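We just call them A, B, C and D in the order they show up, numbering each chain from 1.
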């Protein structure tokens, strides 16, 4: 290294194990899927969580925390193994597609600890972290129902995967909870990376009178946002609801406003941060499933929602309470 | 030395070797320009494929399907056809192998060959479509194969879902009797996914060379590729040869799919877009000069760049550099005439 | 100004071969100057140098006494030099007008003014008696017409020096006569012409003087009037050449090929062969005389199996082969020297050895169980190369494309003759070849006849048909309109029949 | 969804135009290259370059230039496509390379270099999102025409009509001007052109560079009308579709227009058809594959003799060495 040496933020070790772990030798590896660490979705979120933790500890990138991007699914196993070979203390992977790779690799490196976000793998050295996407989606469904003037809202999914169906199901439930007469149209693009297709599907929905669309479609969703921007610039009143991260900025218009009504945030950053912290503390939840729900703020809407009226926010918060209390059971599948 | 450089007979291997060297040189220049020490990058690359037995095993795993798609594209080229559709044939073949692996129960000695056969046959059938359309309706194979790639993608994603036990994202694992994977090989390379596919690939490359160069069938295919009119004059069935050639090309691509589905994974996955094996096959075939041996070598080279790119990324070299180096190697390979002239001039100046 | 063109001590080298070695050519204004030499002697190369396509390695060019440096065809054009190339340089899907104006298009506000150009072309073509339709597409017009387009290209550019590289190789006798008239008219209008041809008769008919080159070297320049054809030939080849085909009287035996009421359509769907009847016997050479485009090509293709028969019947040795695939016919004993040797005759990217077994590769001993036996193939090829004197750089390993046209043709003939067929079809077997090569090929055809084979010869050159054949059938509009014994035929009589003015000859009678 | 035919059409047409525009533009690029005798399977890569350059430029200048930025972005995309295509031109014209290899290299290179540069400029594997894309708009005057105005001139991307206008300009240039005549001659019979004093190399350079510029335009339009930023997936195979459209359109500008529109149309039809109740019972995958299958069927129905430029793919060797 040619830069200034990393500052060691030595904290008082609380117990022996932590002393062990907080030594300079603790290393975290992250394997992304094909989206890469700036996919504005779970890869980016995870990485942000890791970086946040590392910054707090004054870790140096490349030495104590690193990521490898996968070019395709066939890379998952070698990439996870690469960290295993180097005896990383904690290897994080995010995305449900990693399930099989994790199942294969984890037993081969019993001395390393692994964390999988979005899926469950039952291995003693794997911590599984999942989210209640349906709960967050329920809340944005409420927002959509409140915002729609045409009584017609839309959902656009990337590919037809069970995970995406959770978004879909929660959203429909949220809409119907507010007003059962609101119609929800839904379409899957069959692709997470085709903005043109997203734009076209959004266009047909808006033409049918839909005025709020919730997308869970990655890059394809870019086209959805684009279509909404176009319509608003042309004087139509339509909205998009973002996914995974706060997409407010992506929907920015030339007048400074945004077409993004709100976003269903999945706090993968929190998940990543927490798991590193727990591991360093010696509380690695190996073999356990951690579910992040509304209660833990694992899912939810952004703190700031310039496009939501106080009234809507109030309603959303009411539903949030009910869900946390268990008064409302949000479905995870849709027929 | 000068004689060695200017002797045209040596150009056959000198030119590809130089293309590769120049490609790495160009990559190094780009790295230097962006503030990266190329030595670090290349050291990481070498470590990435040879660093330990597992990495070596993974290198072979990555290279195996490339050998097959390279052979597929090259087989087309040798007979005057441009098969851009290896990608689609590969996808079809991967599902076929898995379907046999899941639906059938029999001893390994029959089951595995049957799964491979299924992949080859289905790949061939998928390639039959552009073949027959070209022969019967004179429709350009390039357009049809491009369209069929997308068709295959969606068709296979659908097919995966209707197999028994499948989720929306993948099938169940195949019966182990149909799998190429091997405890032995995996142990040998400390838990890599190395499977028997590479042996099949070597056999295929050998078969490729033998069919094209040594058989009457290959003779016909080459004749039709070079001059369909003369072939017709000589009594060969031109249309039948076009269709057959396309099908064999498709069979190679289908086998590439099997390498992935019953070798690397042991199940079939719904995929959102092309993974690029078919397109990489074009580069592999061209760099390998459409010859069996050349393809094996260039598949391993490209495989190294693919397998080693994450290792480079770990050494803080953006992994795109691997793609850029590949592009330059292919570009320099395309410049073979220029390189020949360069060699000749080198020799002359010294005289 | 004594000479309009002077090419002095020109040298042009290609890798491995000196195509022009110290050649001098001097052309007087207003003359037709012939350039004579064997295939590969370097004629085309010399003219390409003059036209600015090649840069000479050494030597000097003077035009109208001025030393010039012709770096590209534009410079040649400006100097008033025009060239009709051996292989026409016409864009097949352009119209006549578009081909002529290419590079010098008259425009009107940026748009090509086709009408204006067409008018000028029409006028030019009338002035020189060329008769072309300015709006016809090249692919739709005859070879003769295409050549007139090439000539118009030069005239359109006001060329004064015209180079013709083998202009008659692909023309019918009528077209040749017309071309000769055209050339005479051009000279009368003040143009100077350089004419390359292998046909001594043509040189005698139009040229004033003749320069002879051999293997890239200058031999002599002679006055044509005072030099005999024999003398010209021996200067060119370096030995005596016999023009008369030596042969005994034919001994025809059983019927080999029998054609009844044959109807075949051409690529445009028109009836090219229209109720044709013909019989050929073993031990005879039957020549088909006719103006190009009267169904010869379609007839040959129908017999060889390359074109579908609409109706009628073809019998080979008593077997009906009308709808038989090519391979079966080949096996039954048809050998075929195709008219277009590059399109049909050879796979140019194959090695010579591979081309020698184009029809037999799948049979023993060339292959066994689908596996080629290279050593046997090469041995066979070497024999043929030896026997037919095929000249090629690297023997059986030579890529066929790199061979000269004459040698490519010899290779085809070697292969077809060697397969020992009962029937040998020869479509224009000597087109574009020099007299030495022609002599050789004619000898081979007669030899085959004497071995008891039936030979069907189609040629657009009346001389060849009359010299080589035993009987001559005249084809006109897809029918045989006359049948004459070769020794009784006169050029005049054949010419009339070819033009369709058939006297009361019964078709196909014998 | 209650289906009213007029409404159906007025949804379908703007969708068709939007997705067809990049295809047509890149395909015209292919036309220029191949008509001059150089195969260009690098269209995909050149589109990526154009899209990346356009998106980057737009992001970088929109802060100061505002709404005009995407148009400057398009210009930059065109220039970038043209510049990169010089590599293809040099390698395949001067060095007589196999043009398929060279095009393949361009595709590989573009995929790598755009993301590599994005990382250097934006520190992420994509460009930043731009505020000002090319917006859909009503065309002043025309959008008020009854019925037709609604179908053709309302809420459409002006770039689509720009591209269609370019098609006719290209047709005029290629078929009516001296440049076009020479240009076509070079692709059919370079020897003939050469003997008439036309500089074959120069014409081919122009053809290939124009192809880069048109592909760049296509990429720029694509990113600015359909996306909000450039990512590795922005072009996703459209260059190959453009190649197919070129062949389907028989290397003719109007044919290319038809093929591009046909493809855009069948994609839009697939999306809309899925929304028709009784059709939505079919597997979704069918609708996703629909445009491709339809194209194959159309190819078979309209099949005929190939009219590829005769000299395409063959390096031209002038006599001089």
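In this section, a residue touches a chain if its C-beta (ideal position, glycine included) is under 8 Å from a C-beta of that chain, and two chains touch if they have at least 3 such contacts.
These numbers were taken from a predicted model, which means no experiment stands behind them.
Q: Taking each chain's centre as the mean of its CA atoms, which one is farthest from the centre of subunit B?
A: Max centre-to-centre separation from subunit B belongs to C.
Q: Can you compute the centre-to-centre distance for subunit A and subunit C, using the mean CA position of each chain? Integer Å is fine.
A: So the centre of subunit A lies 76 Å away from the centre of subunit C.
Q: Return the distance between the CA-based centres of subunit A and subunit B, expressed in whole Å.
A: Going by mean C-alpha positions, subunit A sits 36 Å from subunit B.
Q: Any idea how many Å lie between the Cα centroids of subunit B and subunit C?
A: Whole-Å distance between the two chain centres: 46.
Q: Find the geometric centre of each of subunit B and subunit D from their Cα atoms only, then give the gap between the two centres in Å, rounded to an integer.
A: 28
Q: Multi-chain contacts in subunit C: which residues touch at least two other chains?
A: none
Q: Listing for subunit B: what residues touch at least two other chains?
A: Correct list: 154, 157, 273.
Q: Scan subunit D for residues touching two or more other chains and write them down.
A: In subunit D, the residues touching two or more other chains are 233, 236, 285, 288.
Q: Quick one: which chain pairs are touching?
A: The complete list of chain pairs in contact reads A-B, A-D, B-C, B-D, C-D.
Q: For a test of understanding, state which residues of subunit A touch subunit D in their complex under the given definition.
A: 36-38, 160, 185, 187-188, 190-197, 199-201, 203-204, 207-208, 219, 222-223, 225-226, 229-231, 233-234, 249-250, 252-254
Q: Show me the residue ranges of subunit B that touch subunit A in the complex, using the header's touch definition.
A: 51-52, 54-55, 58, 61-62, 154, 157, 167-170, 191-193, 260, 264-265, 267, 269-273, 275-276, 306-307, 309-311, 313-314, 316, 319
Q: Provide the residue numbers of subunit A that touch subunit B in the complex, in ascending order.
A: 62, 66, 68-75, 77-79, 81-82, 85, 96-97, 100, 108, 158-162, 165, 190-193
Q: In the complex formed with subunit B, which residues of subunit D make contact?
A: Listed in rising order, the residues are 41, 87, 91-92, 94-98, 100-102, 104-109, 111-113, 115-116, 119-120, 233, 236-237, 240-241, 243-244, 247-248, 283, 285-286, 288-289, 291-293, 295-296, 299-300, 303-306.
Q: Within their complex, state which residues of subunit B touch subunit C.
A: Touch residues, subunit B against subunit C: 214-217, 219-220, 222-223, 226-227, 229-237.
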